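Read through the structures below before going on.
Each of the next two complexes has chain A plus one more chain, namely chain B in the first and chain C in the second.
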Partner chain A sequence: MKVTCPHMGHLHWMLDDLFGRLGVEYVKPPPTTTKTLTIGAKHSPEFACLPLKINIGNFIQGLDMGADTLIMAGGHGPCRFGYYGIVEERILRDLGYDFRFMMLEPFGDGKWAFYKTFETLSPGSLSLRKLWKILKVSFTKGRAFDQIHKRTLQVRAYEVNHGDTTRALREAEKMLTQAFTTEEIEEAGREALALIDNVEQDPERRVLKVGIVGEFFLLLEPFSNFGLEEALGHMGVYIERSVWVTDWIAPGRDNKIYGFHKDIVDGKAAPYLNHNVGGEGRETIGSIVLMAERKFDGIIQLLPFGCMPENIATSIIPKVQRDHDIPVLTLAFDEQTGRAGVITRVEAFLDLLSARRGLSLVGTNA
Partner chain B sequence: MRVGIPRSLLYYKYLPFWKTFLAELGLEVETSPLTNKKILSWGVEVAENELCVPVKAFYGHCMALRGKVDALFVPRVVSVEERAYTCPKFLGLPDMVAAVADQLELPPLLTPKLNQREKPREFKWQLINFAREEFGLSVLDAVSALEAATRAQKDYQKSLVAGRTPLDLLPASRLNRPRWKIEKKERKRIGLLGHPYNIYDGYITQNLIARLEEMGADLVVPEMTDHHVLMQEATDVPKQLYWTYEKEIMGAVNHWTRNRMVDGVIYVLAFACGPDSLVQVLIEHRARTHNVPLMSLTIDEHSGEAGLVTRIEAFTDMLMRKKKPAEAVA
Partner chain C sequence: MDIPAKTGYLGIDVGSVSTNLVILDEHANVLAAIYRRTQGQPIKAVQEGLRELTDLLADQEIEVRGVGATGSARHLTGIIVGADVVKNEITAHAVAASQVLPDVNTVLEIGGQDSKLIVLRDGIVTDFAMNSVCAAGTGSFLDHQSARLGIPIEDFGTYAVRSESPAHIAGRCSVFAESDMIHKQQVGIVVEDIIYGLCHALVRNYLNNLAKGKEIKSPVVFQGGVAANAGMKRAFEDALEIEVTVPVHHNVMGAIGSAILAMELELEPGETSFNSFDVSDLVYETSTFNCNGCSNTCEIVRIKVDGKTLARWGGRCGKWENEDSPGAGKKRLRAGGKTRIKASVR
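Now for the complex of A and B:
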């Protein structure tokens, strides 16, 4: 059995670890590129959102590499994501592919069904207890990856030599990949963070503080947003972002990467959006309020074109913006979106933010 | 006190229920007029560009009631059955309208929350509490208002299943009457698939229903089939659809194709409609495998009349040329 599943940011680091522990052969699709998207968009319904189109591209590339089993995350709405898998399976079968298809539904939905999915992957030897242990270690690794990426977004704004932070991040990633036991992972995580902190920085530099909020796929997958975060870092912008892979996998945990418990974020959203609308709709609003209170200079909202929860948020943002006096730039992406247009809009936005603060930006490529 | 119900979105599904319920609470109910150019352009102006056309129209209908009512009825319909949802936009609708309410000087909103996702009977208490908290009714009075409303809704659904359409029963939104040009025996049965707020809104769909009738179509709509049958028919997928209204659409197309009840299907979907964009894949697959011609029509606020007429003409012509008529079973 050769398993594949779609990319989402650095999720594959964690999957590598997980499948390794389960003794399952993991066919990692080639990194997402324009080619992936072109293939995906060609076979997807026109009005499906960008993540689905990229998923289809990943799956096709994985199948062509010999994968015979596809895994897709599930969910129970109301946003479209939880139904992606069913539609993706239909599309791929209509294209003539033959495969085994598995939807991984959230743990909270039924521990037995969740366990069964893994049982099928690794038959015979897997007890519920063993699975739980494996998941815990892999998850710890995932969190360590999230932590180093989070730190990178902050340090890059201050780096003295262009590219140092990214180079340190690659080193740090390698270090984490090699860690195996929980202790090793924790140790490697600390060292990895130190590596990034040791990048030569200019503490005097006055930087803009920008919050990135929006739909999870667009936030987690740099390909889908043209590597916006890295580009912003090089322009000298300190970034915090509201969604991380491990927060997304296990939402509502107390020690979130983003740093705030779900209840706090929801509470901040309540005066504007007092109900869950699926996806990150409510989190987007709550995070904007939180970041505004923490004196961020501005917010960038990222979403796939047509994303329902984010469109609801976008409809409400003007009111939040007025009440909290915080500039928000909304960027919607689909396969037609060009990088140049996005960068132009972002630059204009940063100019606005700098002008508001009476600041001129000095990044490492400025 | 006068309460306004916008003639958009769930109006087409639940008007008899809501209207009776509010009237029983002692309120005067006013509905907005048929969608027209002004209403839609109001909506388009205030709404986020990426929203679907029916939600844009909803904003416009709220504006149309401005100055005429003391409050707007904008319920938060989260779920109408266990383990399912409506479209996310229905969950956020009161917040979306509230975000522009000051700017547009809209009257206060009445936003009861209806959620049957966990417990199917829950919505009764939600409405009883709404009546108590907002209007000081006793539980007993609220219960009787609820019962009257439930009866009105049942009658409505009974008439629909008996073959009448929301157009016949709700204040009509036909723009003109069909002039039958085509002999009865030559007419074709066309299943018209889509959300009620799209297919029955004559303005948004460029009077699609009347046009189809004029071209010789005997229309079949999902409302003509009992809800339980629709739900039953929609279970041929490995994972239950969790949007109730899409499930109805899926159920209708499965029902029609299985029983060969229609010669062709026209599927109307709103541009940027999230659930429909996925369900479309399943519907088209179903029609293909059952050899039933299907045409998808995507509508938005820019949909031109000319393009629409050409497309439905071509489609009905194609059906007319097909020789063998399907046999009706149901």
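Now for the complex of A and C:
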């Protein structure tokens, strides 16, 4: 049995570890590129959102590499995402592929269903207890990856030599990949963070502090947003982001990486939006308020074109923006989006933020 | 008798449809302005624009103290002319508008491909919007319609203002607008009413899509190539119920803004990266290749002059930019020295 799964940011680091422990062969699709998207967009409904098109591309590339079992996350609620696994399976079958398809429903929907999926993957010796132990270690590793990526977004703004932070990150990732036991992972995690902190930095630099909020796939998958975070870092922008992969899949309501409990985020959103609209709609609003209170210079909201939950948030943002006096730039992406247009808007936005801070416009970005 | 050279600042805005160049004096007054078509050849447009500028200023001696580039071809332009500042067109337009009208609160800008709305308060940009998803292409669309109706684009506005009752044109998308316009013509509606109806549709589209959620406060400045169209100005005034000002140099505001940004650098004489007006005679070769450094396989653009690579860009990681052109646009063709437009009588 060869399992494949769509990419989402650095989720694959964790899957690598997890499937290794389960003794399942993992066919990691090639990193998402324009080619992936071209394949995906060709076989997807035009009005489906960008993540689905990229998923389809990943699946097809994985299948072409010999995968015979596909895993896709499920879910429920007002966002179309919960429905995507079903649509994707149908599209792929219509294309003539033969495979076993597994929907991994959220842990909270019942431990048993969750366990069954893994039991099928690794038949025989897998007890619920053993699965739980394995998941815990892999999850610890995933969290360590999130932590080093989070630190990278902050350090890059201050780096003295262009590219040092990215190089340190690659080293750190390698270091973490090799760690196996929980102790080793924790140890490697500390060393990896130190590696990034040791990048030569200019603490005197006046940097802009920008929060990135929006739909999880667009935030987590750098291909889908044209590597916006790295580009911003190189323009000297300190970044914090509201969504992280381990926060997203962790049971419970504690956002360890983002640092704020979901109830706090929801509470901040409540005056504007007091119920779940699916996806990260409510979290987007709550995070903007939180970041405004923490004196961020500005916020960038990312969403796939046509994303319902984020569009609801977008329509609420003007009021949040006025109440909290914080500029917000909304960027919508689909396969038609060009990088030049995105960069132009982002540059203009950074100019706006610089002007508000009384910094000279000449010299920023470009 | 030797008259001391005037200080000048050069601003260049190379967009998809038009290429504009201006020379400002040290008080930001326009000494010369060029508005021409890009015609899909930005390098040629810049070179010919520079040549036109030297002709316009042939009887004056001007020392260029700083150069700014903007527009969608700003990086390319920056490298060719040796710009001191390379800025996006949104900022450049905002800077120019607040220089022309210091208390401006709203800027409506409609060019060939892009439409923008810029909100300023106390001289600072507080919000902006640029058409996304659909490239509205208002300028290009009006161009196309004027050609189809056989009315010179310069006269389009005068037809519109003659209208007594604008026709209602479906304006969500230019494809729908065109077929609706044709339908209205076929049922016999006069061309003046159709043209003014079209202006209304475009303004409605702009306000409903771009300006949604933004506060449009007086004074309002309307700039960009489309601002030359008196029908569009009248349609904006009708819809907003606010007086709209069209600045004298409305079609070269991007260039003015980038020249002002260059001025704000306060460079000493001779400190500019400007490559002199001679660049209009050089032959530039551009080519592309795919980088195989990682799985992104980005398309990299390479620009050469005299067989020497001047710059490379286009990758996501900045690898090629860093290798040979630190601070793209700052590269000099030859070592500095004063660059002047010499009096050249031909």
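Everything that follows uses one rule, which is that the second predicted complex is superposed on the first by the 354 of 366 C-alpha atoms of A that agree within 3 Å, B and C clash if a C-alpha of one lies under 4 Å from a C-alpha of the other, contacts with A are read in each partner's own complex, and residues count from 1 in each chain.
Criterion: a residue touches a chain if its C-beta (ideal position, glycine included) is under 8 Å from a C-beta of that chain, and two chains touch if they have at least 3 such contacts.
Computed from a predicted structure; not experimentally measured.
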item: Partner chain in contact with A:65 - chain B first, chain C second, else both or neither; value: neither
item: A:78 touches, of chain B and chain C: first, second, both or neither?; value: first
item: First (chain B), second (chain C), both or neither touched by A:30; value: second
item: First (chain B), second (chain C), both or neither touched by A:332; value: both
item: Chain B versus chain C as contact partner of A:275, first or second or both or neither; value: first
item: Partner chain in contact with A:311 - chain B first, chain C second, else both or neither; value: first
item: First, second, both or neither for A:194, with chain B first and chain C second; value: neither
item: Partner chain in contact with A:163 - chain B first, chain C second, else both or neither; value: second
item: Chain B versus chain C as contact partner of A:128, first or second or both or neither; value: neither
item: Shared chain A contacts, counted only where both chain B and chain C touch the same residue; value: 305, 315, 318, 332
item: Touching residues on chain A, where the partner in the complex is chain B; value: 45-49, 52, 74, 76-80, 82-87, 89-91, 94, 103, 272-279, 281, 305-309, 311-312, 314-316, 318-319, 332
item: Chain A partner contacts - residues on chain C that touch it in the complex; value: 72, 85-91, 95, 124-128, 130, 132-133, 213-214, 261-262, 264-265, 294-297, 316-318, 322, 327-329
item: Chain B - residues contacting chain A, complex; value: 47-48, 50-51, 76, 78, 83-89, 91-92, 95-96, 99-100, 113, 237-239, 241-243, 271-278, 280-282, 285, 298
item: Of all residues in chain A, those that touch chain C in their complex; value: 30-31, 33-34, 162-163, 166, 223, 226-227, 230-231, 234, 305, 315, 317-318, 321, 327, 331-332, 334, 336, 339-341, 344-345, 347-349, 351-352, 355-356, 360-363, 365-366
